[in-house]
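Given below, in the form of structure tokens, are the structures.
Shared between the two complexes below is subunit A, which pairs with subunit B and subunit C, respectively.
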Partner chain A sequence: MIAFIGNLLLWAAIICCILSILYSRTYSKNPIRSIRYTSLFGVSQFLIIFFSYILLTYAFLISDFSILTVWKNSELDMPLVYKITGVWGNHEGSMLLWVLILCLFGFFVIVFDTKLPRNILRNVIFVQSTITLAFLLFIVFTSNPFIFQNPVPQDGFGLNTLLQDPGLIIHPPLLYIGYVGYSIVFSFAIAIMLEREHIDGWGKWIEKWVYISWGSLTAGICIGSWWAYYELGWGGWWFWDPVENASLLPWITGTALIHSLIHFNSNGRHQSWTLLLAILSFSFSLLGTFLVRSGVLTSVHSFASDPSRGLWILIIMSIFIVCSLLLFFSYSDRKVDKSDFVILSRGSFIQINNYLMVTSCIVVLLGTIYPLILDALTGDIITVGPQYFNLVMTPILILLAILMPIGPNLPWSGRIKEFILQKLFISMVLTISILLLLQIIIEGKSLNLAIFFIGLGMWIIIVSIIDILPKNIENISFSLSKIDLQDLRKINPLRLSSRVIHAGFGLMIIGIVAASAYAENKDTKINLGEEIQLNKFSIKYAGVSAEIGENYDDLVMNFEISKEGKEIEKMLPRKRIFRKSGDITTEAAINRYFFDHIFLTIGEVDEGHVFASISYKPLVRLIWLGGFLMVFGAVIRLNRKTKLF
Partner chain B sequence: MMNKSNILSFLFLSFMVFFGISDYRETHSAKADNTSEMMEISRELKCIECDGQNVYESNSNFSKSIKAYILTQLSQGNDRSTIIENIRIRYGDAVLMKPPFQGNTFILWVTPFLILIFGIGFVSYKIIKNKKS
Partner chain C sequence: MRKNIKRVYLLLASFLMSSIAVALILIALDDNIVYFYSPSEVDQIDGNKLIRVGGLVKDNSLIRLDDDSIKFTVTDNDGEIEIFYTGILPDLFREGQGVIAEGRLDGNAFYANIIMAKHDENYMPKEVYESIRNN
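For the complex of A and B:
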């Protein structure tokens, strides 16, 4: 029954898409009717897909194993929350989520973007419906989540055990909101180019969608890396894994787009470049989907790949990218920007930013697909590992980090103001002083490049903080009680949000550098009752216990950790054995110490001893704190646009 | 009060201090622990049986044998590059996490730096041109 209704809903959604596309093309004959029906079918697309999604969730909840997807990815005694998240823990369901978010964005534009000119609106829905249609057809023909099977099995296979984890509850939806959110930006870009006449102020229209997508993508990537950090059990947070790279590509172009949009909104320049970035961001989302879903790349988490589907996505991707690029190159409203490239202006710094962003994008793309191309052309098999990316990205990152705080302080035009120069100078003095101090305290007489990178991070943070201090700082007379939050409110939200995002990036740099350069690690066999020292901590193996979970049993290793000789706390790394599949996952134990982590995972377990990997990772929490700040910055900006709170 | 010579002299001074206090970190003593050296080497190698894991992280049979091989080689006094080279001869380039710089990876290595250098060149050209006019 569920299978039948599900299929019916999918087909109804397809029909709605087609109708909405057709009606949007009748605009010149009867604008009012065209808009009314285009919107109507746009909204109903969303509602229908929403119902079908709810239906699939329901099938998971009641464990209806007559549905193939449910049977493969769920089981009777799985915890409730994983039955819900199991819906997107597999290829079919996650594609449905993908389409749901596609429609959701279209729905938001129709319902809430009431100020949008009608001719633009119908174009936006036209493009959005076309994308939805393509993916709906893809779902129906290659990845139907509502396939009926008879006889009905007693129990299912259960969700991939690695995915049965809290981090996976929100990671995919956030990532998808980011990925798919660019579709609406893409639709706007296409809609504007389809109009074939000059349109003013479109930068403001797409701004909030860009920030929503970018913010969610940032959050999604951060949560994903957090998941990898403690669930995959190696204590790494970024592996330059193809799937991670696939999500990084639209993030980079999205970042470039945000900057280019600031430029465009302030003086209307670089219109076509902004459009191109909007197109590229979504194209990279599609490319990412293709790479992840087609199985052309093997990766730690391409859990749902199938080569036969790759062709479909490849076709969809090629059609959209080729058509949009053709449209872009034939787009006539291209003001030739005179090259008055004044180096000390905000505009040129944004251009430099865009250049560096595009460069890093090319690097990530090249590193990701080069082995594939080489294999296809010559048959040579090579590996492009993290070492390559770290090496090549470093110079780009250095340039970015040095220029990043300067750019926003420069004027759009005219001479740079004296007090700005003073501010930058003071910040630089401050940075270098702290840097020298750190160098002397931490490294003593030896030179370590890590300090330089930490300095870069601090440089960004220091300038960002000074930038958002109230202008009349000297009147506040250093008494903290007098600084009230009203002063912060007066700051231009664009300024505040950009500085918060930049500072978040700076924090992230510090976290990454400190945690990689100053990490201490011990891989060792540890006997029962034995105590080992790591940095200022001593860790004692106190025994084993067992815990029983809903669909798993835990073997819990009890470790006692004392910091600087006092404060005994427990650390409980686990081996989680899933009853049904027999899969064993490693659950790391993480102990926080200010911004540092002690990270403990267990290898082989034997009577009387275990093999433990214990790491001390200083400042590692700054990575996610930085990520959180970046998302927060995007929220500040969004709040200003939409006045939510 | 603010002029270029001020900034420059400050930068110069601070770099003098920076390098003045620094000499290079003493290299590890010769009796470095074999295990930690093994860990470092195994991070440079890819487990060819797994998806995207390096030998150090992986627990596959391949990785176990490679780790054991590295340990025996280290105990025989072979150095890092020899060991890696031996493994590479046996298993091909795919076993190296960092692609070697050679004919078929030329584009991979050169493109990023080319783009970067082009960009820096472009900006400097613009600056010089603006200065002249």
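For the complex of A and C:
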């Protein structure tokens, strides 16, 4: 029954997409009817797919094992929250979520973007429906979540034990909103290029979609990093894994897009860059989808694969990318101002930023697909190590870190104001002073590049803070009680949001450098009652206990952490045994110490001793704190438009 | 400045940046490519480069040594190689299952820095699959 209705809904949605597409093409003949029905079927697409998604979730909730997807990815004993979120923990379910979000963005544009000219709207829905149609056909023919089976099994396989974790609840949806959000930006770009004449000020139409996508993608990547950090057992938070890189590529072009858009909205320049970056961001989203689901990559992230799926995604992706790029290169807008620029202006720094972003994209893309190309050409199987990525990204990052504090302070045109130069000078003096202090305290006479990088991060933060302080420096009171939320509201929201985002990035840099350069680790056997020293901490193994969970049993190792003789905390890393499958996962214990982490994970457990890996990671929390600060900055920017609070 | 001269400078700057980027990439890529070998291919290797070896863990080959490190044998049913490792084995490591080790060759023995074992959402231990099938 569920399978029947599910398939019916999918086909109904396909028909709605086709009708949307057809009606959008009749605009010149009968604009009112065209808009009415294009929008109607755009909304219907969303409602129908929404119901089909609810239906699939319902099948999971009641454990209807006649549905193949439910049987393969759920079980009777699975905790409720994973029955609901496990819907997207597999290829078919997550593809349906992908399409749902596609329709959702189309729906939002129809319902909320009421000021949009109707001829643009119908083309946005046209492109969006085309994308939706392509993926719906892909789902129905290669990845149908509603496949029926008879006889109905008693129980299912359950969800992959690594996925039975809170990370599954937030990471995929946020990522998908990010990836799929760029589809609507793409649709707008195509719609703009389909018009013969120049359109003034179209940039503001895509602003919120650009920030929603970017903010969501940033949050999704951050949470993914955090999840890998505590779940995968060795405290790494970024592996330059091909699937991680696949999420980074649209993020990089998305960041460049934000900046191009700022320039475009300010003085109408960089229209071509904005259009191209919109196309590239969605193209990279599609590439990411391809890499993850086609089976060409081995990764802890990749879905189980069927080569035919990979082929179809490759075809869909290629068609969209080739067509949009052809349109882009044939699009010429005579009215765009191509006059010259001054090096020391905000616009040219944005230009440099664009080049740096594109370069880093090429570099990351190359490292990611080089193994695929080599395998196809010579049959050699290779991996590109993280050192490659670190080596090539570092100089780019240094340049970006220098652009960040200076760029937003430069004028769009004209000479740089005196007080800006003063501000930058003061910030540099401040940064260098703190740097020297740190150098003396931490390193003494030895030179460590890490201090320099931390200094870069600090400079970004210091300039960002100075930038949002009120202009009359003399009026600043240093008493904390005087700082008022009202004062924050008076600051220009665009300035506030950009400085918050940049400061977040600076914080991330500091966290990354400190956690990498100053981390300490011991992999060792600890006997019962024995105490190990790491940095300023003592770690003592106190014994074993047990805990019972819904579908698992935990073997808990009790550790006591003390600093200078005083006990700080107990840490409880564990081995989790899932009763049904016998799978064992290691759950690490993480102790927060100001902005540092003590990271404890267990290998073998035996009578009287354990093998443990203990790490001290200074300032590692700044990585995610910085990331979320960036998301917060995007939220501030969005709030200016929609006034949520 | 004249528009044309500016364009030339711009072009030169772009070209310079691209060349630096390409050079950086090639240098970095070269040193950081890790080749993968199956156990039977390992005898072709010269020297001490960082490589990856993968295959199935031979049954009953996992042994803990006196200094608390471990060794096990990896086979591709054609050739085998002994792998030495100090550190914590991943949870999914199991005799009879697939594994990839990254490290360096020293004579006939392979010293691993990292051991990787993984499965995708369709993994099902054979015993469990059989029992479900039979019920």
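Assume the second predicted complex is superposed on the first by the 627 of 645 C-alpha atoms of A that agree within 3 Å, B and C clash if a C-alpha of one lies under 4 Å from a C-alpha of the other, contacts with A are read in each partner's own complex, and residues count from 1 in each chain.
In the analysis below, a contact is a pair of C-beta atoms (placed from the backbone, for glycine too) under 8 Å apart; a residue touches a chain by one contact, two chains touch by 3 or more.
Keep in mind it's a predicted model, so treat the numbers as computed, not measured.
Asks: Mind checking the superposed model to see whether subunit B and subunit C fit together on subunit A or clash?
Replies: clash
Asks: Quick check on the superposed pair: does A:V392 touch subunit B, subunit C, both, or neither? Answer first, second, both or neither.
Replies: Touch partners of A:V392: subunit B and subunit C.
Asks: For A:I382, is the partner it touches subunit B (first), subunit C (second), both, or none of the two (neither)?
Replies: Both partners, subunit B and subunit C.
Asks: After superposition on the shared chain, which partner residues are touched by A:T585: those of subunit B (first), subunit C (second), both, or neither?
Replies: In the superposition, A:T585 contacts subunit C only.
Asks: Touching A:G367 in the superposition: subunit B (first), subunit C (second), both, neither?
Replies: After superposition on chain A, A:G367 lies in contact with both partners, subunit B and subunit C.
Asks: When the two structures are overlaid on chain A, which partner does A:S446 contact: first (subunit B), second (subunit C), both, or neither?
Replies: first
Asks: Figure out whether A:G89 sits in contact with subunit B (first) or subunit C (second), or with both, or with neither.
Replies: Touch status of A:G89: second partner only.
Asks: Looking at A:N160, would you say it contacts subunit B, subunit C, both, or neither? Reply first, second, both or neither.
Replies: Once the two structures are laid over each other on A, A:N160 reaches subunit C alone.
Asks: Looking at the overlay, does A:D523 come into contact with subunit B only (first), subunit C only (second), both, or neither?
Replies: The answer is both, since A:D523 touches subunit B and subunit C.
Asks: Quick check for you: in the superposed arrangement, does A:E547 touch first (subunit B), second (subunit C), both or neither?
Replies: neither
Asks: Once the two structures are fitted together, what part of subunit A is touched by subunit B and by subunit C alike?
Replies: 234, 298, 300, 302, 355, 359, 362-363, 366-367, 370, 380-388, 391-392, 395, 523, 603
Asks: Please output the residues of subunit A touching subunit B within their complex, sorted ascending.
Replies: Listed in rising order, the residues are 234, 236, 239, 241-242, 298-300, 302, 341-343, 352, 355-356, 359, 362-363, 366-367, 370, 374, 378, 380-388, 391-392, 395-396, 399, 418, 421-422, 425, 428-429, 432, 435-436, 439-440, 443, 445-448, 521, 523, 603.
Asks: Report the residues of subunit B in contact with subunit A in the complex, numbered from low to high.
Replies: Touch list, subunit B to subunit A: 1-2, 6-7, 10-11, 14, 17-19, 21-26, 35, 39, 44, 46, 51-54, 57, 59, 92-100, 104-105, 107-109, 111-113, 115-116, 119, 123, 126-127, 130.
Asks: Where on subunit A does subunit C make contact in their complex?
Replies: 72-73, 89-91, 153-155, 157, 159-160, 163, 233-234, 298, 300, 302-305, 340, 355, 359, 362-363, 366-367, 370, 380-388, 391-392, 395, 523, 525, 575, 580-586, 601-604, 611-613
Asks: Can you name the residues of subunit C that touch subunit A in the complex?
Replies: Those residues of subunit C that touch subunit A are 1, 3, 6, 14, 17-18, 21, 24-25, 27-29, 31-36, 50, 52, 68, 86-91, 102, 118-125, 127-128, 132, 135.
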